[in-house]
Amino acid sequence: MELKNMPDLCVKIGGLVLKNPVMTASGTFGYGEEFADFFDISTLGGIIVKGTTGSKREGNAYPRMAETPSGMLNAVGLQNKGVDNFISDIYPRIKDINTNMIVNVSGSTIDEYIMVASKLNELDKIPAIELNISCPNVKEGGMAFGTSCPSAIAVTEAIRKVYHKTLIVKLSPNVTNIAEMAKAVEGAGADSVSLINTLLGMAIDIERQKPLLSTITGGLSGPAVKPVALRMVWQVAKAVKIPVIGLGGIMNAADAIEFMLAGATAIQVGTANFIDPAVCPKIIDGINDYLIRHRNNNVNEIIGKI
Amino acid sequence: MELKNMPDLCVKIGGLVLKNPVMTASGTFGYGEEFADFFDISTLGGIIVKGTTGSKREGNAYPRMAETPSGMLNAVGLQNKGVDNFISDIYPRIKDINTNMIVNVSGSTIDEYIMVASKLNELDKIPAIELNISCPNVKEGGMAFGTSCPSAIAVTEAIRKVYHKTLIVKLSPNVTNIAEMAKAVEGAGADSVSLINTLLGMAIDIERQKPLLSTITGGLSGPAVKPVALRMVWQVAKAVKIPVIGLGGIMNAADAIEFMLAGATAIQVGTANFIDPAVCPKIIDGINDYLIRHRNNNVNEIIGKI
Amino acid sequence: MKVVSNKNLNTKYFLLTLQPPDNMPVILPGQFAQVEIKDAKNTFLRRPLSVHDVDYKNNTIKLLVQIIGEGTKKLSEIKEGDSLNLVYPLGNSFSTSGADNVLLVGGGCGIAPLLYLARLLFEKNIKVTTLIGGSSESDILEADEYRKYGDVLITTLDASIGEKGLVTQHSVFNSDKFPYTAIYTCGPEPMMKALARIAKEMNIRCEVSLENMMACGIGACLCCVVDTNEGNKCTCTKGPVFNYKELKGWS
Amino acid sequence: MKVVSNKNLNTKYFLLTLQPPDNMPVILPGQFAQVEIKDAKNTFLRRPLSVHDVDYKNNTIKLLVQIIGEGTKKLSEIKEGDSLNLVYPLGNSFSTSGADNVLLVGGGCGIAPLLYLARLLFEKNIKVTTLIGGSSESDILEADEYRKYGDVLITTLDASIGEKGLVTQHSVFNSDKFPYTAIYTCGPEPMMKALARIAKEMNIRCEVSLENMMACGIGACLCCVVDTNEGNKCTCTKGPVFNYKELKGWS
């Protein structure tokens, strides 16, 4: 292959330019640094860092994890040191990583979301936020915002007023009509939607006759959820005009390509990072090889192609 | 073990007495006859036969099936010969199988549901029907009834008027609030709810750039869905007073016991029948062994125990 | 079943010989087994594989398998002495009555269900010719086995063995006197459809063995249907063998 | 990594010797590896396993594993010459400084991370005694290995070897002059908690190695936390070794 024949992997999400469509999913990639030993993380299209809230949260009690067939349940519950600590301690460490560093934002109240988003709006090297209105693991707020159109609209509109860069809203799959939710947040000013967050699930230790998670229910991720995620991405991509970011169970390039064919402009890799910390560069290479094999010069040619 | 120590496996669902909590799920066990070579099907607690509609349906075009991580998608689309053929041809063949033979009822309109249910009401050896308001694989009706409370109430109330034996309503997992749906059909006269039907999913052949199912989307079943099914059964069991029948990804006795601990009075085995046609008796034996190990005399002691 | 042997024919194909603990049931030519795949991360369902040959004396059956994806790859790694769970025999069969001079046509691994058929036809004194096609010599399997029961014709796309081209381009179809009164075939659908067209032109019988995607293999799930003149039929119970005339869009 | 050998110690335990293609990195005692489990139907995540011993000369590491569920069962079937994917070395380590007469206490497979530690302490001229506990003789592993570096004490519940009872019931704890100035331990949590109580009473150091459920093993998922005086900490990066005093509910 000569270099001039290399396909163009660049995609755009709102004001963001991604060198390739592969990002990492919030809560599964730390702040990126954890993976720097495994590959050059600046080769990623973007990194969505951990869910950040107004103040420090300890998260849920242990145990927080259970393995399930082709998947896992987690109940981390947004453990993080809060937005001020992010700005003072973490931002300086990660701001010069040469890719889109995007912060996933959570809160229990609209005011908390607004507070976090306003502060992040001031950070030069954070070109976008992902609004997490879909976390199933915290009692107050989180998923509640993402499972009814009026509240999803309310929080998106409020953030749109204070946040002036690219605003991605992350949708919950635990809804009857995902396309309606996507249209609602599009109308409220989102530049993009990402989906799916985890499906609410549960597992029981039958010998101890107790739930395996301290919170009883938790969020299901991994290959098990891929068919549901793919269906939702396809439904949403047909329903909205803003770019869609697809995720849920992507383990390899073939999975990533399924999401792009279904209409995703970019994808995120989550749980797969736990199985193979160096999976992302393999996915990027695999997409590249696929485009060459299918004689596409530009990755945008396959988006929504089915 | 002496015989007098054998645990009592008997459970009750509305007017039904089940010799044990293990039933087979509609659409995965034919009319039972297909499995008679593999084990004595009268040892089952009940058999839910194929989805039956007002008139003959050809179902969807091939391909109707795709394998997914720890699961499968199907898009059969209620292929069946209609209720009259069921009564004239199939009922005489299966009516003397010594277990609860339950018919799964589907339709595109409330009138069709009523017509099928009224006719089945006349069959002596059919002690119950399972109202399928959750089939994701037919355009008209099916899942639409099961994804909004008012329509679920409407169809359940209409059937309750014409059907005088045990009425089980099978819920769709493709909803925001499963407990609300269960309460709605409980209020409308259901004797029991069964859940979950399949999750709406999708898969794509990336080389051909086409969906793997003729209908694009289909119903996901198998172990992949178990965490979601279990969570929903737990939520519903807390919300309603009628007995709950749990299913979704049950492959072995341990899975079945998880559902019972979460609150299911009985369980159904679906996709697992394809992997091992003789799995059901193993599940019954496994429940029995578990009760002995945990010193329970009666299976009802473990229902909802977590 | 106990694995008596697992022979790699080449990098793409392997031949399993299996022995059930009990006496083998009666197996008809064209029937198949649903084979459990153990220890595979992404293979959840059983895999349908045709019975390649039956040896009642030694109480063994053979499966001829092409490595396609994870399931068949895992199966290729199974070792002598291992055990394998089969649900079998399933499906209908080729009809061996009424034919007198028969052409069997197998595309690649499509010859799998035809060896047992060839032997049974041969034992009934029916003349058998087998036409095997593939991309290259490595796809031409078990020709010597088939030669035991009659002539063997071969085509390959690269002409590495036999005539060059598709099976349907074999000179036997161009000869003035096409001697066969029936075609039995298994292989890629386009190949079988082309053979059905030839059979129609020549007005001879043609039975095709379909390889539809299956979940249960026993008629319970209705996933494997094919559209026939009488509506959707299950390939696993009403097939896998069909007279092409029954199939919609085949004639 | 290449599997150099897989030795079954008995039906429940096995010992893997592995060789990386490149030179081994520096490994500290108490560190662990995240081991990929291939070809398992229901094992999706890696499995955390302690480094049992390190041999820089031969460029090998050892893992001592108990068969618990599917993951460890699959691992027990791995053969010499196979390859195994490890992410390692992970986590912090036991501290080898400041101690002079150390008691290592392992419950069953809890001795896994202690052998390398014993050797390093021994090489530093620190006196090492190892107390190994189990239900029965078959749970007492590698005692001879530990004897290379110091005395070995044993307890079993059924008294099949050593003193009868739990490790914490060993007579060494009742002697007037308990000679040790630090306890390093790994095993079931109740055992480690009991040892922590003893250490507290005696006012000596006690380091425990936790086996929390892990997904990533590298500090990215926050699944493996333990509640400490400074809030939730990841067992995989801030542990697995903790001074019991840091842990809430341990003292």
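Here the chain labels run A, B, C and D in written order, and each chain numbers its own residues starting at 1.
In this text, a residue touches a chain if its C-beta (ideal position, glycine included) is under 8 Å from a C-beta of that chain, and two chains touch if they have at least 3 such contacts.
In this text the structure is predicted, and so the values were computed from the model without any measurement.
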Centroid-based (C-alpha) most distant chain relative to chain C: D
By count of C-beta pairs in contact, the leading pair of chains: A-B
CA centroid of chain A to CA centroid of chain B, Å: 34
Inter-centroid spacing, chain D versus chain B (mean Cα positions, whole Å): 47
Inter-chain centre distance, chain C versus chain D - centres from mean C-alpha coordinates, in Å: 55
Multi-partner residues of chain C (each touching 2 or more other chains): 41-42
Per-residue overlap in chain A, given as positions that touch at least 2 other chains: 68-71, 222-223
In the complex with chain B, residue positions of chain A that touch it: 68-71, 73, 147-148, 174-177, 199-204, 206, 209-211, 216-217, 220, 222-228, 230-231, 234, 249, 254, 257-258, 261-262, 290, 302, 305-306
Footprint of chain C on chain D - complex, ascending: 38-41, 74
Contact footprint of chain C on chain B as seen in their complex: 27-30, 34-35, 58-59, 61-72, 74, 76, 79, 222-223, 271, 273-277
Contacting residues of chain D [partner chain A, same complex]: 36, 42-46, 87, 212-227, 231-232
